[in-house]
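Before anything else, here is the set of structures, which you'll find just below.
Both complexes shown next keep subunit A, but they swap its partner, so subunit B is in the first and subunit C is in the second.
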Partner chain A sequence: MQPAERRLSLLVTVLAFALPVLFVLVPLAIFLGYSFFSVDQGTIVYGLSLGNYVRFFTDPIFLPVFWNTIVLCISVAIICILLAYPAAYFLTTLEGRWRYALLMLLLVPLLMSYVIKIYAIRSILGLNGFLNKALVAVGILQQPSTLFVFNMNAILLTLTLLLIPFAILPIFLSLERIPQVLLRASDDLGASGLQTFLRITLPLSLPGVASAASFVFVLAIGDFLTPQMVGGISGFTFGRILYSQFGTAYNWPFGAALSVALAVVVIAAILIGERFGRNRGTSI
Partner chain B sequence: MGLKRLFLRMATIGLGIGLMTSAALAANLRVLAWDGYADPDWVKDFTAATGIGVDVVFIGSDDEIWAKIKGSEGQDFDVFAVNTAQLQRYIKADLVSPIDITKLANQKEVLPRFRDLSQVSGDTKDGKVYGIPFCFDSIGLIYDTDKVKPAPTSMSVLWDPAYKGKVLAYDNGEHNFSFTALTLGYKDPFNLNEEQMAAVKAKLVELKRNVLSFYTTADEAQQIYQNNDVALIWANYGQQQVKALQKIGAHVAYVNPSEGALAWLDNWVISKGVRDNAAAEKWIDFMLSKKVSGELSERTGFGNTVTETGSAGGNDKLVWLNNVEDPLKRSDMWNEVKATP
Partner chain C sequence: MNQNTDLLTLRSVSKSYGTVPVLHDIDLSIRDGEFLTVLGPSGSGKTTVLRLIGGLEPLTSGEIRLDGQDIGHMPINRRPFNTVFQDYALFPHLTVSGNVGYGLSVRHVPRKEIVRRVAEALELVQLGRFADRFPAQLSGGQRQRVALARALICQPRLILLDEPLAALDLELRRQMQEFLKSIQREIKTTFLFVTHDQEEAIGMADRICVMEAGHIRQLGTPHDLYYKPNCEFVARFFGENNLVAGQLGMVQGELRSIETALGRLICSISGQPHLKAAPDGASAYAAFRPEALHLADTQDTDNRFSGTIADLAFAGSSTVATIAAGVDSAAQRLRLRVPSRVDGSALKSGETVSLSFAPHEGHLVLA
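Let's look at the complex of A and B:
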């Protein structure tokens, strides 16, 4: 290698490491640091203490909300998978151009602003909204119901709708990667369509399902705007508490501590997703 | 040829702009205000009348004003607009100058309730006047005239089980504690003791059970109103919000509750770093003229201190917003209210 070339490759290497360190690791470390500070009379006190964490574990409001939020986001992930799997499977049965055209169509919602989508969904779910009008017109409901908006159901529905594209994509990719020869071999050996699906396709697509689930879960648990806008009075989530620490309360240190608690769960979810993804993936 | 002329014209315009800005830098009055408080036609009239040029910078939040004034220790602006709740913080930090009201001829002509500034909470300190109020609005109650009968007179209607699930409240602990304290009849809603805090909290948990949702922006409230069965709205955005709702054809009316409505009151203040005190006084006096004050109300829907407007009559009891005893505690307790099942 020429010296100039070597210098260039060294520079590229340094940049490749420096950028994530500078823009990801350093901010995270600062955040972690903040979580040990405290606030007095609206100004941050830069003395180390575990007070924020003690408060998180002892105050009766945080843990129940935290737990409920985790359950909510797991439900969102499960529903997303149940809806996305058939859609992704259907896509892989299509031939050539149609397959990708339809995939693009399913991903189009990602191009729209997230806030506009929440607004739109909220007007659909409202008492005078499309959903209620349709259900009443069909005769399923006698009168409009408030079951779909300003509660936990509304958050569940809205998050599911918003995050489904993130579930479809990894599942589709893992299904697409399954070698066609395996399916044909299974057919040749006399397996039925269902048997082939259960014993070949499903196990081989599980890595995609695992990463889809962790994607959806992580995105859902970090969201505060959806619960804020459609959650109403009973849909109080951890994201909303966290948000209030930075907005109205000006308690950044406690907010940082709550974020650390959230980060632990998120990292766990990513690790679990990754572990399942890899194990199955390498066993082919 | 055409191209050459175009270049020439561009150069002339460029020179013109350059000259204008350098002229502006000379000794113009530097004003910091919210949009709607220093409209171009008023600025033009002011310059025509006094010969003083004006540079206006608009801001969008209380925090932004603080950042700009504190950031330059008051040196970057001569006169700015701030509400009474915020003003004490500026006085404490020594960022504003006392105002000699004998220099303000129009201040003698304002509505009676704004004449004695020592009676307006937050405007004075140690007998000195620091803020000249000019614009206000209440945080009242919007009700749907088809659904709410008879017309409500108190915020206590928000707790009425007849309107369960039809109430829109605002997502802000500070204000919610204050207005509930007023509803409970406490004298000073901004300084609550432990016992009062607990009572207000319990009352807010009750309110929550009657509420459809908590909104944050005026647009949001409007959208929820359109798609749901809403009868009552706690109107953080006052007249502005009423006007917007009426524009879309909603049958709504506005009332300031009899126990007292929270209200904000914006003041003109002179910064510590004022270059020409007389010019700043002239600006404030000009803004207090009948013409400008009247136009301000016409354009924004806010009340003004000079002419009576629909925003809040002389008989309405307005409680000017003030700093609360412990914002952090109110915010935490508001989270507790929201987390209560």
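Let's look at the complex of A and C:
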């Protein structure tokens, strides 16, 4: 190799490592550092203490909200998977051109502003919204219900709607990667359509399901805007607490400690998704 | 098992993809217990025949009869046939025993029996030690044997093999050919084997069905196909051959003459009544194998002509000479195969030689 070339490749290597370190690891480390500081009358005290963590584990407010938020986000992930799987499966049954046209259509919402989508969903869920009008019109409800907005249900529904595209894509890709000849081989060996689906298609698409679930969970648990806008008073999530610590309460060290707790859950979710997302070294 | 009864019969089977026909009115009987090879160049429709029988493709018209019953439209999972796919199509998420037992477990065979029969099948294909491996951990030849075990464990009436050896290297392919043949003898199941490799076909088949352009050109034993091809395509496709065009002449018992650029040649028509019946002057080819051609000596009076050795190629056990023969010496290129000798060939490039072949080693095909 020429010296110039070698210098270039060294530069590329350094950049490849430097960028994630600079923009991911360093901020995380700063967060971790801040979580051991404290605040006294609006100014940050740079002395190490475990006070923030003690408060998080002992204060009766935080742990229940933390736990409820995890349950909420797991529910969002499950509902997203249940809705996305049939949609993705349907897509793979379509002929080439239609398949991608429809997939694009399903992914278009990703290009729209998050805030506008939340407003739109809120107006659908609201007291005079489309959902209530429809339910009253078909006679399921006597009068418009407040069940769908400014509470946990609203957050669940909104997050699900917002995050479904993130579930469809990985499931679709994993379904599409299954060689058709495997399904024919299963038929050939005497399996019924249902047996082929349960024994071949479903297990081979599980990696996609696992990454879909971890995507949706991670995106849902980090979201504070959606609960803020559709959650009302009763829909209180961990994201909102976090947001308030950095915003209104101006307690960055405690906010950082809460972030660390959240990061632990997120990392765990990603690792679990990764673990199940890996094909057991069994490409064909 | 009786090799003389038909297991499966295809009657005027046609297949089109959209408006493109790929099979034209195929009639084919597969005998019980035989090893039948369908041989043809790519695009000949050979794989389509297999896929139609296996139920992997819907029939356009015609019928497929098994036990006197038309199964042409029976769903794939109810047909008593199993397929060994070209790229094996093993289930990557199941172990070797999971793959092999699949056909039994979807039929709700009791667990104990599955375990026993899987062990037997793996023993048969000599993979007993690999039961708990995943397909990705196996070599090509091992995957091939798993695919075979998976097909034969269901005790199908017919095993369909779609160019299963194409992906293997030469040495392994030879071993697998012998192995397949010995398994077939052992389990006495009918094998329908599709390949484009004529050497493979000759080595393994009881009978060979040669296909071209969606038609069956000839069906017979490897010996028949080699020595009594019934058309130009088979004569050229199946093994090396010399074909010389001409017009048919007189019939003399089991022999018939043909007027060619090399003069009058006499060829055998034994057992081929259609050649006896063909009118005088009909266009035909005299066909004789490179190993049937030899340097003429004084006793050779028939089928004698001269040619110039244009090229000599050493091919191991034999040496192949390319010979320019005929009146206008570029008119005909022939191949002559002689055993190789350690002290070099008796033939010299550029030499003019007198050649001949025995009448009973030449045959005729209609053009």
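Basically, the second predicted complex is superposed on the first by the 278 of 284 C-alpha atoms of A that agree within 3 Å, B and C clash if a C-alpha of one lies under 4 Å from a C-alpha of the other, contacts with A are read in each partner's own complex, and residues count from 1 in each chain.
The rule is simple: contacts are C-beta pairs under 8 Å (C-beta built on N, C-alpha and C of every residue); 3 or more make two chains touch, one makes a residue touch a chain.
The shown structure was predicted, so the numbers you read here are calculated from the model rather than taken from an experiment.
*Asks:* Touch check for A:33: first (subunit B), second (subunit C), both, or neither?
*Replies:* A:33 sits against neither subunit B nor subunit C.
*Asks:* Let me test your reading of the model: by the given contact rule, A:179 touches which partner, first (subunit B), second (subunit C), both or neither?
*Replies:* second
*Asks:* Between subunit B (first) and subunit C (second), which, if any, makes contact with A:200: first, second, both or neither?
*Replies:* A:200 sits against subunit C, while subunit B stays out of touch.
*Asks:* Between subunit B and subunit C, whom does A:123 touch in the aligned arrangement: first, second, both, or neither?
*Replies:* In the superposition, A:123 contacts subunit B only.
*Asks:* Once chain A of both complexes is superposed, is A:232 in touch with subunit B (first), subunit C (second), both, or neither?
*Replies:* Once the two structures are laid over each other on A, A:232 reaches subunit B alone.
*Asks:* Using the touch definition from the top, say if A:189 reaches subunit B (first), subunit C (second), both or neither.
*Replies:* The second partner, subunit C, only.
*Asks:* Could you let me know whether more residues of subunit A are touched by subunit B or by subunit C?
*Replies:* Higher number of touched subunit A residues: B.
*Asks:* After the superposition on A, what does A:64 contact: first (subunit B), second (subunit C), both or neither?
*Replies:* first
*Asks:* So subunit A touches subunit B in one structure and subunit C in the other; where do those two contact lists coincide?
*Replies:* Touching subunit B in the first complex and subunit C in the second, no residue of subunit A appears in both lists.
*Asks:* Give the list of subunit B residues in touch with subunit A in this complex.
*Replies:* 165, 171-174, 208-209, 211-214, 216, 220, 223-224, 226-229, 327-328, 331-332, 334-336, 338-339, 341
*Asks:* Which positions of subunit C touch subunit A when the two form their complex?
*Replies:* Counting only subunit C, the residues touching subunit A are 54-56, 76-78, 81-83, 85, 87-93, 102-103, 106-107, 134-137, 150-151, 154.
*Asks:* Would you pull the subunit A residues touching subunit B in the complex into a rising list?
*Replies:* Against subunit B, subunit A makes touches at 39, 42, 61, 64-65, 119, 122-123, 126-129, 146, 149-150, 228-229, 231-234, 236, 240-241, 244, 248-251.
*Asks:* Which subunit A residues qualify as touching subunit C in the complex?
*Replies:* Residues in contact with subunit C: 179, 181-182, 184-192, 195, 199-200, 203-204, 279-284.
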